[in-house]
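A, B, C and D are the chain letters, set down in written order, and residue numbers restart from 1 in every chain.
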Amino acid sequence: MIAILDRACTLKQKTDVVRLLEEEGYRVTVAPLGEQTIVGILGAAAPGLEDRLARLPGVSRVDREVPPYALVSRIHHPEPTTIRVGEVTIGGEEVVVVAGPCSVESEDQILTIARAVARAGARLLRGGAFKPRTSPYGFQGLGEEGLLLLAAAREATGLPVVTEVVAPEDVDLVASHADMLQIGARNMQNFRLLAACGRCPMPVLLKRGPAATLDELLHAAEYVVSHGNPRVVLCERGIRTFETSTRYTLDVAAVPVLKARSHLPVLVDPSHAAGDRAWVEPLARAAVAAGADGLLVEVHHDPERARSDGRQSLTLDGFEGTMRAVRGVAAAVGRSG
Amino acid sequence: MIAILDRACTLKQKTDVVRLLEEEGYRVTVAPLGEQTIVGILGAAAPGLEDRLARLPGVSRVDREVPPYALVSRIHHPEPTTIRVGEVTIGGEEVVVVAGPCSVESEDQILTIARAVARAGARLLRGGAFKPRTSPYGFQGLGEEGLLLLAAAREATGLPVVTEVVAPEDVDLVASHADMLQIGARNMQNFRLLAACGRCPMPVLLKRGPAATLDELLHAAEYVVSHGNPRVVLCERGIRTFETSTRYTLDVAAVPVLKARSHLPVLVDPSHAAGDRAWVEPLARAAVAAGADGLLVEVHHDPERARSDGRQSLTLDGFEGTMRAVRGVAAAVGRSG
Amino acid sequence: MIAILDRACTLKQKTDVVRLLEEEGYRVTVAPLGEQTIVGILGAAAPGLEDRLARLPGVSRVDREVPPYALVSRIHHPEPTTIRVGEVTIGGEEVVVVAGPCSVESEDQILTIARAVARAGARLLRGGAFKPRTSPYGFQGLGEEGLLLLAAAREATGLPVVTEVVAPEDVDLVASHADMLQIGARNMQNFRLLAACGRCPMPVLLKRGPAATLDELLHAAEYVVSHGNPRVVLCERGIRTFETSTRYTLDVAAVPVLKARSHLPVLVDPSHAAGDRAWVEPLARAAVAAGADGLLVEVHHDPERARSDGRQSLTLDGFEGTMRAVRGVAAAVGRSG
Amino acid sequence: MIAILDRACTLKQKTDVVRLLEEEGYRVTVAPLGEQTIVGILGAAAPGLEDRLARLPGVSRVDREVPPYALVSRIHHPEPTTIRVGEVTIGGEEVVVVAGPCSVESEDQILTIARAVARAGARLLRGGAFKPRTSPYGFQGLGEEGLLLLAAAREATGLPVVTEVVAPEDVDLVASHADMLQIGARNMQNFRLLAACGRCPMPVLLKRGPAATLDELLHAAEYVVSHGNPRVVLCERGIRTFETSTRYTLDVAAVPVLKARSHLPVLVDPSHAAGDRAWVEPLARAAVAAGADGLLVEVHHDPERARSDGRQSLTLDGFEGTMRAVRGVAAAVGRSG
């Protein structure tokens, strides 16, 4: 259940609504929605609550049958949201490219790649310090050392840093070094992690799970926003299907569908979908043509020796060529890039 | 098993190879492959045949382990193939748009739509006369009358006609009115139909089945080509996945993958993948950006009253807008459109 | 649209209904539904027809919004249907096992296998004479010679014969040698073939397509029944999913779902789902436990040398063991087997 | 990389191996494998380590190319593992049924259901206190209060308790009240949670993710075991496919495949696969027939008022009937139940 407070609602009225709910034992979330405020009641509500809430001063409407993702939906918020990460704006006119290696491996590696992608036009740097890996015997990332190397690369290039956080207890640590928190595909329904990122004052890049419907992705975004953090960017990265020619099947229709249902920006990760660098550029072009607000691309200066995902990483030259192609398509659909 | 004949092979040598095989009871297919000739032995071959064939004059190589689709593969035929339909070339520089209604419904309907799509830049007219429908109680198309109406629309607009053929016994009839035979997604593994179209001297548009892998699509194309008809155009139209926001999931990566594996042109049908006209234009843009040689788009002047697939049909205005958008993207990827 | 005729409807009344429809240009299907008769109007109906039909003598009801598969649905026909093939009843108390090789290869092969499966308790013999194969270079079956060998095997063992028909023009030929026509998974939506089998007075085994929903399977069955042949047996054989440990994913829930929606019997083919003989017996047990009316199992006396599907064929010993296991499970769920 | 220590390896030798590795900065896992000991090196190993390890006293073999899930694989451990939860043995002759509500809602509710399922033959009690829910506005469980109510139900019935843990920081709390930790499908690749459960001396029920391959499930189990906890039970609960008649598609072949690849016991959850109580019993029968070591079933005394998953919960009567049916099938496949 959600209560939508009046624009003219006073701070006292707002506090009264929240106090009443908390005194009755509800967990409550308060989030801005344009000029209004939405008070969400997490969990199930007792009978009668709806009527009592509706009678409180400052409350303009109570929805028992909440649109399942009230905060991220376009229904109450028709204008697209733009999200700032450092000096970069995601969701505006520019097609924003986030690029970098799958994993941070060494200072030399991350600096080499960061400088090259910056030169080629990337606006944000990606790189994994905490890596979720299918096998316990795989390389799990450099951890905090990786975060420090990412910060050094930001220093050297000016690119804000996006990096994955894999557990609630790491959110503060990662947030102290990064500019944007990435929630990986396999954690899309790790609800504690979503909530923890929702309590963090830092933009979040939320990747679609490989078997998640678009509605489930929007529900996951709602977790983050309803816990207090409205700065969420969605990311399509391929879904699991029977086709094995590519690692996943890029659901390019996700871009217009998500943008129709939600006001949040939408990026596309062509690298994980492709699984092979040969298909990354055409998928990147397709994503931008479909209206994506940006791309998340894996790049490595020496992919054969990458400690993870080398096969799908673009070379530095390959990235430069892809950037040129993407810029052309961006212009054709009325965007800069 | 296939035998690749020498470029310098004489007609007599070629005839001897075929005669030997037919006398031993094999079904044989002879197809040009660039300047060489491939003789395919359909079905399983007896032990020893390989050696005997290899010793015949004019035979340059015998492959027992044929690449599963030798004729449509890029391995023996690295150059892309272009296919002429009337005056139109598919697979060349131009992005070719095939447009029209799902079903031919009346003279007025098909003429209205044909004129509008021609004006907006479509190069071929599509329209169903024989409709495969999930339910026996659905509208099954006008049959031969529909073919005559399509021919009238070609007369009026100059657009060559693409229309579906659903059974081997209809191939001659459909071919006598159409300029290109369409094999629908549900018939992609109707091997008798593939063979019948393979014996017909008319280009074939072969749609991917909704659960077919890309390799199975190429095998299906090989059926057509190995029966004598090298003029096959492939078409991606969405695959079946768990996601229900769209009717099918457009596998946009199919475009670069198919073009890497095969020399045949590749079209994309964004209408069936989308299932809703709202997503047709972004999918069309994505397809062209990914490198598609053209599009197959459903258009209707009055979609609310269409007898089939109205929901996913573009209006005439919508088609015009889509064409403008597609031309921009085509130019951005170095194509005309 | 369908019209349900009264039980007491006279032959003249029935003829009048059909004549009126045909004079107005409709294609009509007449099928018994228990003690009533259903007249189906194929394709779309003109406005007003509904009312005129409802006023005709003998018509008890007209449904414009037909349940999409009126004839095979349980709604108008709550009792399960049993179907006789020779002396064997499918859909009754007995769990009926259909067994035999993927392809008929030689007289010796089919007789050896037929005798062994008969001895082990199979009630029907399967074997392919016309084989739909993914590749044009695969073994396509012995054709008519295969049918004659199957007839010889029936002679030798008394087992009625089930064999696949792949094209409408073969229906008469296959029906003249077989006891039950099989429509393969890849032809489930070959609507001409469905219609041709619907006009043939012989029971039909209809396999689910690997990407077909259960509702699409029931629509396909409705094609056969609405063309005049009520004797259809459904068959689940695995669907296409992302999991590659098995060739297809056996959708064992299809059994209770189909039996709840339709009055037709349901078999399960564990061999194609498994793709490996190691999993055939557990899948066979599961299918019977879930309520299947029978099984379709591939068996070969020398699987290593089988010309198709050897890997998933049970050996003669393996089949005997599977039969013992299946009989135990059948008894546990109140069936004989 | 793993080192397999000799059976006769002394404690000192074992300590030396581990100390050497830890001094070089490796994270190390030590797990029993039958009578041997496996030392696993988590993450990537430096060149040369393999040889040095192999020369240490007590080391019988070093595998650089570890079978991807060495500890849970049958290769090094051919005998099936049985796992004790309280007095109950999973993986032995008995088919063990775990039953209870989706969520613990009140003392009255959990006691009523626990007593009824105990009477009907369930051996373990399930019930959610921490609920992962798709929407932040859904009922998230009673939390610690729910754990106390589960403990009270165990007191009243003697049934050991299985309940879900959703975050690493909850593992100690949940373990202090429960007898077995459940890792839910959406957390199957929450690697921190897997590791935390791996460090807990309590059996773990690990559910397959709806888009996880069987190999990914086994990798996830390897995480738990390689962190020190060998007591893992696998659970198939349906995968995501295009078919919508059921909530998920039960992959019943997972049972024999998992049991062939791994020595761990395998349960099946027919409730989540079905999504509707109508299909729970046939799926339960199928699972046991396929060789499952037990079932996980949702039961509610008043499903219409359940706060979650009511539609797929069996009634108390329905559960009793299902238990009777399951016992019959269990006997037919040589198990008790």
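The working rule: contacts are C-beta pairs under 8 Å (C-beta built on N, C-alpha and C of every residue); 3 or more make two chains touch, one makes a residue touch a chain.
A quick note: this is a predicted structure, and the numbers were derived from the prediction, not measured.
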Moving step by step through touching chains, the smallest count that connects chain A to chain D is 1
Greatest centre-to-centre gap (Cα means) from chain A is with chain C
Two candidates, A-C and C-D; the one with more touching C-beta pairs is C-D
Expressed in whole Å, how far the mean CA point of chain C lies from that of chain D is 39
Cα centre of chain B to Cα centre of chain C, whole Å, reads 31
Chain A and chain C have mean C-alpha positions lying a whole-number Å distance apart equal to 49
Check: chain A positions touching at least 2 other chains come out as 211, 240-242, 244
Interface with chain A, chain D side, in the complex: residues 1-2, 29, 40-44, 66, 68-69, 132-140, 166-169, 186-187, 189-192, 195, 209-211, 216, 219, 222-223, 226-227, 240, 307
Seen from chain B, its contact residues with chain A in the complex are 211, 213-215, 239, 241-246, 249-257, 260, 273-274, 278-279, 282-283, 285-291, 325, 328-329, 331-333
Chain B residues touching chain D in their complex are 240-242, 244
